[in-house]
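The structures considered in this document are given below.
Below are two complexes that have chain A in common, paired first with chain B and then with chain C.
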Partner chain A sequence: MRKGDRLKEKIIQKEQIGKWLEKLGKDYEIWAPVKRNGLVLFHPISSAKEVYFNFLNSKKTPKDLFFPQSEVLFSFPKEEIEKEVETILQKPRIVFAIRPCDARSLALLDQVFDSEDYQDPYYIERREGTLLVGLACTHPQQSCFCTSVGGGPFAKAHLDLLMADLGDGKYFVEALTERGEGLLEKNDSLQEPQKKDREKLAKIKEEAEEKVKSKLVTKGLEKKLDKIFDSSLWDRVHQRCLGCGICTYLCPTCHCFALLDEKDKARVERIRNWDSCMFPEFTVEASGHNPRISNRERMRQRVMHKFNYFVERYGETACVGCGRCIQSCPVNMDIREIIEEIRNE
Partner chain B sequence: MNDLYHPRSVAIRKTVVENEARDIKTFELVFLDQEEREKFKFSCGQFAMLSVAGAGESPIGIASSPLDDEYLQFTVKRYPTGVVTTALHSLEEGSEIGVRGPYGNFYPLKAMEDKNIVIVGGGFAFTTLRSTIRYLLHDKNRSRFRDITVLYGARSPGELIYKSELKQWEERDDVNMYVTVDKGEEDWKGRVGLVPNILSEVAPSSENSIALVCGPPIMLKYTMPPLLDLGFSPERIITSLERRMSCGIGKCGRCNIGSKYICKDGPVFTYKELRELPEAAI
Partner chain C sequence: MQECEKELREVAKKLLLEKKVDLIIGYEEGTLPLRTRPIFIREADETKKLVWNSRCENSLCSYLKTTKERVGIVAKGCDSRSIIGLIKERQIKRENIFIIGVPCSGIIDRKKIEDILEGRELLECIESDSQITLKGEGLEEKVDKDKLVHASCKSCKYRNPVLYDTLVGKEVSQGEVEEYSDVEEFASKSDDERWAYFNDEASRCIRCYACRNVCPACYCPQCFVDQSLPTWFGRTLHPSDTLMFHMIRTLHIAGRCVDCGACSRVCPVNIELRMLHKKVQKDVKELYDYEAGINLEELPPMATFKMDDPQEFIK
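Our next item is the complex of A and B:
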C-alpha cells in the first residue's frame, strides 16, 4: 500500500473474511451475530465460522455491549473502587455486522450518557473502545421502518465501516472513519471495486430501501403530540398492553435504569440495572405516591418520550425503526399503528 | 470522572428527632475528608443523594445553609416502604454513610435581592426552605433582602419541625413568622388553619415580592390560587418538586416530566414553568 493511498471503498471476497477477522482478533475482541438455539444474538467470536451472516437482525440489540442490562458499578468497601472503572474493557472491541439502525441508536444514547454536564464513564469507555463494522440490510423485514425515522438499510451514519453483501461472493466495503480505515488495512487481499460492483451496490441498495414497506409520516408528529396529551386516544391505545416492558428492554434507544445495592456477607455491590417506564414501580415514591398511576399514563410516557420529549431535548426522535418492539410484543401492539392513530386524532 | 456515581464518605455527627411521630429526623453530616466539604459547593434548594451501603440511595433536599460550612444537614422522613429512609433512621451517631451531589438547580437568591420574600412551607417539605431562611437571615445577608415573611404549617403541633429554630425566628423583629397547624391541641396557643387559608388572611403584599413555596402536592395545589389572587404573577412564584430519582443527573429517565428532568432542570421551577409542563406536576 502506498503512503497516502486512501482506503475508501474496497471489495472483499467472502472467503477472505475469515482471515481478516482472524487478524483483527489479535488486537480486538470481536462481537458478531451468532445463531444459537434458534436465537441470533451478538456474542464474542473466535472464528468467522461462528458469524451468522444471513441474520435479519439480532433478537436483542447490541446496546448491552455499551450499557449492560446489569452491571456492578462499584463495591463497598471502597478500596476496591478504583481498579474497577479502569478495567471496563480488557481489549478494544469490534462489533461486526451491526445493523445501521442499531448503530444510529448508539448516537442517540451518546446524547444521554455523554452529555455536556455529566459524562458516564462506564458507557463512554466502552463506546470509545469499540469500533462499529456495519452490515447493510439487504433483506429488511416487514416490521422495519428505519426510513421513516431518518435511517435506512444502507445508512452509513455512526459506523466505522459499512459492508454490503453484493450477493456474488463479494462484499463491498466502505471505510467511513480513520479507525475504519485502520481495520481495512489489516486486510491484504482487498480489491478495487469495478464499475459493475458499484452498479450492483446501487441496485441492491435501492431494492433494500424499497423493501422497507412501512411508511410512517413522522413530520409534525412532535407538534401533534403537544396537543393531544389529554386526549381520550390514550384511554384506547393502552388497553391491550400488559405492561410487560419487553418493548423497552428490546428497544435500542431505551436507556432508563435503576441503581440499587446487593449485598452478601463480605461486601456490598452497587448495581445498575435496566429499568422500564412501563413498570408501575418505576415512579412509585417512598410515600407510596405514584405520579403515573395506570398503564394509560405509562404508555403515554413511552410514546411521548420517544417522539416528543427526546426530540425537544436532543433534536432527534428516540426511535430508529428497528421494529423489535413490534416483533416481540406478546399482544401484537404496533408502534406504527399508534403513531397512525395519533396522526388521525 | 471515575466518580460520577461514587458517594463521598460522611459521618453522622448528630441526629435530631424532629416530630412526635418520631419518623422525621435531621442528620448532621461531616465529611471524613475536609477537602470534600470544600468541593461540595451548593446553593439553597439543591439536593444530594444519600447513600447507605446495602440499602441504596435516595434524593434528599439539603436542609442546612451554604454558610453552615462545617457540616451538612438533611431532614429525612422514614416510610415503612422506604428502604433507604428506614436504613438511615436505624443508624446511630458516628455511623458512616455516603453523599453524592449536590444536584439540581436552586432558588433564585440573586433575583431575590432587594425584594420582599414570602416563604410558604408545609410539613416536612420545609427542608430546603429552612436552608433558604437560614441563609437569608444570616448577618452577612439579611440587609440585602427586604421584608421576609415565613408561613409554615403542619398537621399538628407535634409535627412541626425545626421547633427551636422556629422559636428563634419568631423572636426576631426582622422576619414575620406565621406558624400554623391544621388541627390544634389543648396546649397549642398558636394559629390553627390550613396554610392556603392563613396565607389569604395574612395577605402579604405581592409588590416587589417573590414567593417560595414548598410542601406536599395538595398544599401546593391549593396555595397557588391565593397567591395569584394576592397578585403574585406565575413567574414570581417559585416551587420545588419531588419525584422518584435514581441517578440525580438526568440519565436514568425516572424523574422525567415532559422534556424536563426534575433532577437536572429542577427541582426548582416557577409556577409559570410548571403550568407549561404536559404532565401535571403538582
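Our next item is the complex of A and C:
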C-alpha cells in the first residue's frame, strides 16, 4: 500500500516523547501498549506515562483496532429498512509503538478487506484514519521468526514512522510517509542524527536481526501441502490441541468472521463477530452436517490457509512470524514444529 | 524429582509392553522455557520423553472426554478427583483407565513469573526441589517455588491423588492456606465492588473458550454458547454475553469443579475465574456437605434429590 521511502530522519530525546504525544493527542486518538492486570495490550492513552515501552510484544495484536472482535455493522428500527450508517472514527488515530510484524500483518489484511473484488468500508475507514508509529524490536523473542516470512525487527514496510530506541536516552525516528512526516512536524525539539547515532542504529539493528534465531523454511511449502492433504501426519499433529480460539484470535493475520442478526423490541442489529476455524461450529452446515468433523481437520485448515490457500490467492504467507500462537497456546502447539514436520513428511 | 520421573517412565513402559493400555497420556518438555505439554504415547520406546515436575500445569483429564482407548494417564491430586467425577458421571469407564498417580506440591503459576520478569524474556529456567532459577539477558534470579505456586494449589487439600492404580513418587504434605480464605475476603466486599470486579474481569474475555475446553468437567458435546438452533447466547463482547457465559458455566460445574485451576492457567488474558468457581464450591460444601471427586460412592448433589434437601431459596 505504502512505500517505505525515507523522507526524514531525526533524533528524539526520550524525555521529549511525552510532550510530543501530548501535542499529537489534540488531533489524534493515540493507542499504545499499556500494562494492566499483568497484561500488555493496546489502549487509548492520554499521557506518555501510561506507555509501557519495556514490552516484548503485546499479548493481543492491535488487529481489533481495524477489525474489532465484535461490531455492529448497522442497525435499524424494526419498521424501517433504511440503513443507518454510523461514523466509525470520531477522530483520526495513531497506533503508537506497533511492532513491525504487526504492521506487516495489516498489509496482509488489506489484501482481504481492501481488494479489487471487495472493499470493506468499516475496515477501510479505520485503516485510512489510522497512522502507524512503529517501534523497532531491539529484543526479538525466541518464538519470533519474522525474518523467515518477509519481515524483520526493524522492517519499515507499511509504517508511517519507525522509532528505534538507541539505548542512550535517544530514539532514532524515521518518517516513512508524508503523514508520518506530518507527525514529526508537531515535535519542535527534534535533533539531527549525528554520525554516531547512525552507527548505533546500524549496530542495534544488526544485533536484533541476529537475535531472531528461529527460522521457518517456507520455500516450496505450499506445493508440499498440496500433496499431503490426506496424510496421516494430521492424525498426529493435532492430538493435544484443545480446539480453542487462542491461536487464531491472537494471530494478527486471522480474519474470519461470522455475521449475526440480533433484535430487541425496537431495533435490529447486524453484528460481525470474529470466528475461528479451530471451533467445531465454524463449518456446521444448515443440515447439521459438519465437514470438518474433528480437531484433525481444523488444525489442517489452519495450517493450509496460512501456508497454502492464502499463498495461492495473494502470493504471500498468512503469517508474520510474531510467535503469539506459540507463546499463548495452552498446550504449547508450536507452528514451527508443525511446519518442520510437514517439510520432513 | 528425577527419581520420580524415572519410575514414571518405567511404569508407563511396562503398561504399554504388557498391553495393559493402548495409550499413555503424560507430559513432555515443551519448546519454550518453563513449558511442558501433553504427550500421547503409543510406543514403549517413547516413554523416555515423559517428564514430571512442577511445570506440568495442564489437566490431562480433558482428553479422556473423547478418547475411546484404554488409557494410562498421569494424574495429580486434582486430576484424580476430576477422573472420579468423570467416572461418576459415566463419561469414562473405570476399567478403561489406568491412573498413574503423582503426588504434587503445587504447580507453578507462569503469570507470577511474568510479573517477576517485568517485560524481560525468559531464556532458561532450571528447577530444583525447592527453587527455580530464571535466566535471561542480564537476568539470573533464584525464586522459591513456594512463592510461585498457583492459588488453587496453595489451598489444595488433596495433593496426593485420591484414586490411583499405582503411585509414583513419595506422598507430600497438603496445602497450608485456609481453603476459602480468599473467597471470604472477597465476599466481604460491597456489592458494587464485586460487580465492578467481575465486569472488569469479563471485559478482557476474548471468548476463546480455552477455559471451557480444558475443563475436565465441561464435556457437553455441544456447549450452550455454541448452539445456533436456537441461539441461546449472543456472540458479542458485551458483558451481558461474556459475563453470562462465565456465570452459567460456573453453575454448570457446581458440585463438579475440583479447583484444579486449569481454566485460570490457560486464559490468555489472565482472567481470575477461580473466584467464581471457588465461591460455588464453598456453597455446595455448606449446602450439601459435598466435595467433588473425593470418592466414587457419594452421589453428586446436582444429580440427586433428597427429601430433606435445603430449599430455603425457593420462595
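The rule is short, and it goes like this: the second predicted complex is superposed on the first by the 329 of 345 C-alpha atoms of A that agree within 3 Å, B and C clash if a C-alpha of one lies under 4 Å from a C-alpha of the other, contacts with A are read in each partner's own complex, and residues count from 1 in each chain.
One rule holds in what follows: contacts are C-beta pairs under 8 Å (C-beta built on N, C-alpha and C of every residue); 3 or more make two chains touch, one makes a residue touch a chain.
Predicted, not measured: the structure shown is a model, and the values here were computed from it.
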item: Which of chain B and chain C A:K263 touches, first, second, both or neither; value: first
item: Chain B versus chain C as contact partner of A:V284, first or second or both or neither; value: both
item: Contacts of A:I293 with chain B and chain C, given as first, second, both or neither; value: neither
item: Touching partner for A:H305 - first (chain B), second (chain C), both, neither; value: first
item: Which of chain B and chain C A:S328 touches, first, second, both or neither; value: second
item: Partner chain in contact with A:F55 - chain B first, chain C second, else both or neither; value: second
item: Intersection of the chain A residues that touch chain B with those that touch chain C; value: 258, 260, 284
item: Footprint of chain C on chain A - complex, ascending; value: 37-40, 52, 54-56, 59-60, 69-70, 139, 141-143, 239-240, 242-246, 249-250, 258, 260, 262, 271, 273, 276, 279-281, 284, 326-328, 330-332, 334, 336-337
item: Residue ranges of chain A in contact with chain B within the complex; value: 73-74, 76, 78, 81-82, 85-86, 112-113, 115, 117-121, 226, 229, 255-261, 263, 268, 270, 272, 275, 277, 282-289, 291, 297, 301, 304-305, 308-310, 312-313
item: Sites on chain B touched by chain A in the complex; value: 1-2, 4-6, 9, 53-58, 79, 81-82, 84-85, 217, 242-244, 246-247, 249-254, 256, 258-259, 264, 278-279
item: In the complex with chain A, residue positions of chain C that touch it; value: 30-32, 35-40, 58, 62-63, 111, 114-115, 118-119, 121, 123, 137, 204, 206-210, 213-214, 222, 226, 228, 231, 234-238, 265-266, 268-270
